[in-house]
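Below, chain A partners chain B and then partners chain C, in two separate complexes.
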Partner chain A sequence: MTSVPTEALREFLLAFADDEHLMGQQHTEWIGVAPFLEEDLALASIGQDELGHAVMLYELVCELDGVEPTDEAIDALAYGRGANEYRSCRLVEFATVDWAEALARHWIYDMVEGRRWSFLEGSSYQPLADAAVRASREESYHRRHAEALIDGLLADPTAQQRLAAAFASLMPMIGGLCASGPWEAEIVEAGIASAPTAAIVPELSRFITERFGVVLPGGFMDKPDPQTKNDRTQRSEDFAPLMARMREVLDIDLTATW
Partner chain B sequence: MIASLHLDTSGRDPRNLSGSLRELRSPLAGGVHSVRIQADGGADIAPVLEAVFSIDDPEYPGVSIVDLGLLEHVEVRNGIVGIGLIPTFSGCPALAMIADDVEAAVLAVDGIDEVSVSWLRSPAWSPERLSVRGKEALKIEFTVAVQIGTSTPECPLCGGPTVEKSMFGPSRCRSVHRCEACTETVEVMRG
Partner chain C sequence: MATYEVFLKKDGKDEFRHAGALDAANDELALVMARESYIRRAEGNKVWVVNRENLIVGDDDFVGPNADKPHRHHDGSAVAARRKAIREDGNDAAIREDKS
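Now for the complex of A and B:
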């Protein structure tokens, strides 16, 4: 194995962990208010998986930092950093109460997430390869769920229009999800990932067009989202309120043991 | 001397395998999952294994975590025990509770001074790891069927074929099926 580029690996792990964490948290916000009971259950389970993946990735960050990956250490990474230390993309920070947008985001995110894990299954960094094999098994259900629900909805013209509108509104954020951070070149070079995240873009664009009739404009990746400039060191306006909701109970008593 | 053994738990009741080292040396062929056991020569491994077997999954009281296929390895050296477990899925909220239960049970064994339980990143759990006894208990005590690979889970009540109705059920590791024969709604444990 080539030597591990520790700084780049830490950024890379945080980017994926933060996406998983925030996406998981966003899914849980639908529990009890999703359109029907099966969706309450599905999003609870899918959210639980994403949070589990985030924990696996935060554990790897702890190990790199030479810190024992206790619950407290993982919580410190998940909830305790300053906004500028997060590496999430805008798509997972985005606040929406629109079911079509939530569903479209679920589909886009899980499509990309599945590929991100697949790029890591043969990782030269063994702990990450092990995590990827486990996560990939769990991911197949997420994509199947999103596809099945969308299949059902596309049969209805109103639902089809709403989904197309949702994809159009999320489009500026897709580039940020798929953008390779400045650290990814080193990660691919070291064999930690078999491809940069951006390698997903052509396939994803084609799938979105085929499935939803939304054509992603050529070079849309080069027109960065105005809020974050597709730079994972920048937070969007929705991040602070999301973090406040996530920390709501924690902040009641910072010394409490849960 | 270190004895290194592979204990096959998939084909039979794992509790019977904890009787003696001699018995542990003859694992059944054809299993998909084996438990790695290492012990120094003088160590009596049987009570340690029995202590691990005694811990039930919090989701299925009465069903041992070993029957569910969570046990990956046990190491006993000079009164120090290391136990490796794997979670059924990475977001399982019961991991700390299970590890605490295992640690307490093994610490109560005579001659054991120290126990460390770790959750391993590899291998990934799959329903194939369930023992025959585990599957029977899920079926009889919980009316829960098991999804092995892509096969059609059998209805725990009548044995009929079931069809998936929802990938997600009352907990993360269960989907909801319906029996085509008796029309019963059936929960299915899956990967």
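Now for the complex of A and C:
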């Protein structure tokens, strides 16, 4: 690699890290309230894996910033930025109304996440390539979990209807998850990623059609979500309450340890 | 939903051991759930899940008649008691004979 495009790389890492962080948080919020014990453990555990991925990526941001990647430094990135400094997409910020939406989102997110990591396995930026190898091992299991659960549910007519409805409500947010940020051209150019995130779209559309019998509307990437315009510098309305839940203890006592 | 029994085996010579049970909608989900319910801290290197319906189960009456056969318990207590009695009688020949 000739040179690292530092600004673009920082944005790129934050976009992935923030997605992983918020997705992990949303999954872990099902602990204790999922419909049955086994799934309660499974989804929260997958959420923990996603939080682990976020930590790996925040560590790389620390290194770019010339900051020692201590717990405090990672927390500062995870919890301490202003809303406009996050680079998450709307799908991971979205407050799902029920279990069906949570499962449909899990399926969509992990399908895309697995591809995102695979684009990084041969990264010219070695620390990212190393992180991708580790994350990909976990992702193959996450996808297996999502597939098995959805397969089981699609066999039941009521569950099928609920999943279809959940899918319809999430569909407008898929574009934002898959959209390549303006920084990605440089990232691909430098060999940091082998393809832009948007390269996932044809494959994802095919999977969704096969699985749910839903055809994504043509050009859905060009009809961005109205809240964020698929722009990762914009936050949706669900971001603030989500961050408030995550910061609940910090907001009471900044020095608290637990 | 079906109930599945989960067995784990660590690397090496340890045998598969029963870890617990779980409910799952099908075989694939049972395997996936076993991973989270019983192996999330790498408690084993290999896993079996068995649908409880596939177990061949003997009932209590089938097992019960063997509950009162202390002679099948090889704890050596009967032999030890006999040797102690001989030793206390000072009968060396009887002890040697017992050892042979």
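To be clear about the criterion, the second predicted complex is superposed on the first by the 255 of 258 C-alpha atoms of A that agree within 3 Å, B and C clash if a C-alpha of one lies under 4 Å from a C-alpha of the other, contacts with A are read in each partner's own complex, and residues count from 1 in each chain.
We adopt the following convention: contacts are C-beta pairs under 8 Å (C-beta built on N, C-alpha and C of every residue); 3 or more make two chains touch, one makes a residue touch a chain.
This structure is a prediction, so every number in the text was calculated from the model and none was measured.
Asks: Using the superposition on chain A, decide if chain B and chain C clash or fit.
Replies: With chain A as the common anchor, chain B and chain C collide in the superposed model.
Asks: In the overlaid three-chain picture, which partner chain does A:S45 touch, first (chain B) or second (chain C), both, or neither?
Replies: both
Asks: For A:S124, is the partner it touches chain B (first), chain C (second), both, or none of the two (neither)?
Replies: neither
Asks: Of the two partner chains, chain B (first) and chain C (second), which one does A:F36 touch, if any: first, second, both, or neither?
Replies: So A:F36 only meets chain C here.
Asks: Touch test for A:V55: chain B only (first), chain C only (second), both, or neither?
Replies: A:V55: touches chain B, not chain C.
Asks: According to the stated criteria, A:R134 is in contact with first (chain B), second (chain C), both, or neither; which is it?
Replies: Once the two structures are laid over each other on A, A:R134 reaches chain B alone.
Asks: Applying the document's definition of touch, where does A:T233 land relative to chain B and chain C: first, second, both, or neither?
Replies: Neither partner.
Asks: Report the partner of chain A that touches more of its residues: chain B or chain C.
Replies: Comparing touch counts on chain A for chain B and chain C gives B.
Asks: Contact-wise, after the overlay, does A:Q160 reach chain B, chain C, both or neither (first, second, both, neither)?
Replies: neither
Asks: Per the contact definition in the header, classify A:L149: touching chain B only (first), chain C only (second), both, or neither.
Replies: A:L149 contacts chain C only, not chain B.
Asks: Jot down the residues of chain A that show up as touching in both complexes, chain B in one and chain C in the other.
Replies: Comparing the two interfaces on chain A, one with chain B and one with chain C, the shared residues are 38, 41-42, 45, 141, 144-145, 148.
Asks: Touching chain A in the complex: which residues of chain B?
Replies: Going by the criterion above, the answer is residues 89-93, 96, 121-124, 126, 166-172, 191.
Asks: Considering the complex alone, what residue numbers of chain A touch chain C?
Replies: 36-39, 41-42, 45, 141, 144-145, 148-149, 151-152
Asks: Tell me, which parts of chain C touch chain A in their complex?
Replies: My answer: residues 22-26, 28-29, 32-33, 35-37, 40.
Asks: Over in the complex, which chain A residues touch chain B? Could you list them?
Replies: 38, 41-42, 44-46, 48-53, 55-56, 71, 127, 130-131, 133-135, 137-138, 141, 144-145, 148
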